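The following block contains the structure, expressed as structure tokens.
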């Protein structure tokens, strides 16, 4: 019985889509485009966040060791820290440090020749294996600073502050904007569905006059709404994929150059989630829209 | 049954009327007398402002929202403006009254076809209503009202768009239904009908019951 | 006569808005929300661009002078460059440079004590007065390198490369996404208007049957479309302003901290442009929507 | 005038008919005969599949899109399904036929009111059509068709929803218009009308012209 009714409803939804394509098309397109805009926004925000994160993660960290530390102690410490598993560690002894300073000074390098003893400390160069968020980097720095023999930790503190502030700004603004945009898109979709149902209000009236229960009147609308939602989500996903294929080839090189971050991509799981969301939106939107005309 | 007036200037004013089960009634009166409104009250498309309407002892003015569809399934209605579903074929329109009862697809198709045949429209079964002439639409509405063998049949000007010979055959359908036990109320202003078929006739004028004979 | 007809049309548009508020409301809301989304997107992109620009503009430039240059020559050159008007110039003589290096070296500073003569060149520190785009900065550097006595120009070349790449990515992606989003928003609006007109297709048919010319049928729809467009734009502008008041107080501090850039704001001129755009969109959308039903 | 068949199974088949200026014609025939289609052809709501329709010597089958409205302004039509604008009051509906002609507001209001009065509906001037009874809607449609004194009047079942006394007064309006020089074609299936008012009667049946007397 249930299967029978479901089959009848599906058939009817398909028939209506076929007989009055405009109504359905408009809903499908609106849902699709709204999803597209929302998805673009989300992907944009995520990309921005990933850029910030990757920039925050890039600065390597330098652990300056006490002058008294021997090379052996330094290497042991390096080994210890490497044991954490999440960072690459390189031991830079004092001699290498001096060489580097000389190279860094360039033409001024010979100025160092006058030194009687190497004033530079040995250090450990720490590089997080995975990109780290700014806060994680801070935590890491604080942890490592506790290690024995470490005198000072240096990392792009100032730079990190900026990124963090920007990240906060992005979160505050982005979350709000995202909510607003998604809310707006939902309202647009709900409006469109309501309008499409409004165009069919006579039909609802007649159905009720002939003895259909509210549920029976509603069912085909819900079915159609869900179908339109799925189709619309398909359109939206298609549009996002198309945009990716058209736009990203240009942009991704730039992204990679700027931050070593891949350009944003829509994953199959996201696409599936969008389809489900489309169906849900179509279903709920139709429910609300029909309710209005069932009352009278 | 008993019912009274809604509307700003009372459209129906203090009407008391009793229709027995299985009766056939002509409801007549000039344009705007309130015939359609009276019928609309009977199938709960409108609520009485005061007073009550009893069908089979139940006060349908007090029926709750959810009960209305079940009441309507026992009442076949021919609307003055037909009220056909524009996005369904003629056959589907007639079948819809059975669909809401949960009949099977084959049952629906068969019975709808039979009714369409009776009103002479089997050749238009697959047309959409807006492709039909006025008289054809009216006959579809009649077929739909009759298809589920309702216990009450309300017909609002069912022959307003039909030529005399069709009118006869349609009225014959109504009489047949009546003979099978259906209570029939037909609103009409066509005096020739009243004269040719003598039945109980209820006259309305400006919302008042003026005669009942 | 024209004024008379215009008055009649306006009155009718108002009456229709009053008698069938749902139809108009849906169009108004859809236009408003679409504009809101579009405006949010544009503001977001502009902010991103301004951040990039301001970062690109921040690195000051250092002109290293030939060792042979005297202080007098250096100061003259500084004066010359200052004469351009777009940059602040500070002359840093060799002694100061050495002091700075010592300070920079921190605990290693004493290592320089062994120097018999100052190996450092004098330099000019150049700071653009207005924030400069990366390319302008490059041009400026190239120009200044030609100045007499200049041995080398140093500025955050690598950093600038990154920003430029990111800027290119943003342009490629942003322009495409912007076009797509605006296109999508327009399509949604057009769809909604079309649906609203569809709900009134009987009206159009009847008007034509009674002898109204296409223009006469169209006129009230255009008028209503324009009115809805203006109201919708009002809603959109209101939403943007509301978002600014609610979201920006949090974000602007972060922005300022990150880049010294003010948070994005909607100017009255933009608001006026949006209202005009709304009217245009409503008008054109109605035109297209009605045309479809005039044909039959 | 001369016209022929559109449609899949020819709805009108090889009809040749000449109506003189100032004539009054009954167009009759059973349901689905093609009466409405014939009238629709006359005011360009449909194009003939072949053949031609001449009005005042002009072939309206060849008229261009832009010319149709001007043709229609000279033709008043009472539609079988009324075709009233649902978002305008009765008065505005009647006035709309004058509005498209560019009449002044006061002129429109006055003439529309007069016509409404003639069909007995001045008290409903400010109502919306869906608040009217079937007969009242039909009278609004008639008032609108008459309001701009058209040279041709096409009425499709103009009295299908009216009681006999109203029918008489409405027909009187049509005869009056005819007396003032308007060519009138009335489609009807009501034989009592044909019998009471003897005019030229054209009979259609299944798309063929069967009599003309």
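Chains: A, B, C and D, in written order; residue numbering restarts at 1 for each.
In this text, a residue touches a chain if its C-beta (ideal position, glycine included) is under 8 Å from a C-beta of that chain, and two chains touch if they have at least 3 such contacts.
All values reported here derive from a predicted model rather than from experimental measurement.
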| item | value |
| --- | --- |
| Distance between chain centroids, defined by C-alpha means - chain A, chain C (Å) | 23 |
| Euclidean distance of C-alpha centroids - chain A vs chain D, Å | 66 |
| Rounded Å distance, chain A centre to chain B centre (Cα mean) | 61 |
| Category of the chain touch graph - line, ring, star, complete, other | ring |
| Chains that touch, pairwise | A-B, A-C, B-D, C-D |
| Chain C residues within the chain D interface of the complex | 4, 8, 16, 19-20, 200, 202-203, 205-214, 216 |
| In the complex with chain A, residue positions of chain B that touch it | 43, 45, 65-66, 68-70, 72-73, 75, 77, 79, 83-87, 96-97, 99-102, 104-105, 144 |
| Interface residues, chain A side, partner chain C - complex | 22-23, 26, 29-30, 33-34, 36-37, 40-41, 44, 48, 51, 101, 107-108, 110-112, 114-116, 119-120, 161-163, 165-170, 172-173, 176-177, 180-181, 184-185, 187-188, 191-192, 194-196, 198-199, 239, 243, 246-248, 250-255, 257-259, 263 |
| Chain B-facing residues of chain D, complex | 29-32, 35-37, 80-81, 132-136, 139, 156-157, 160-166, 189, 191-192 |
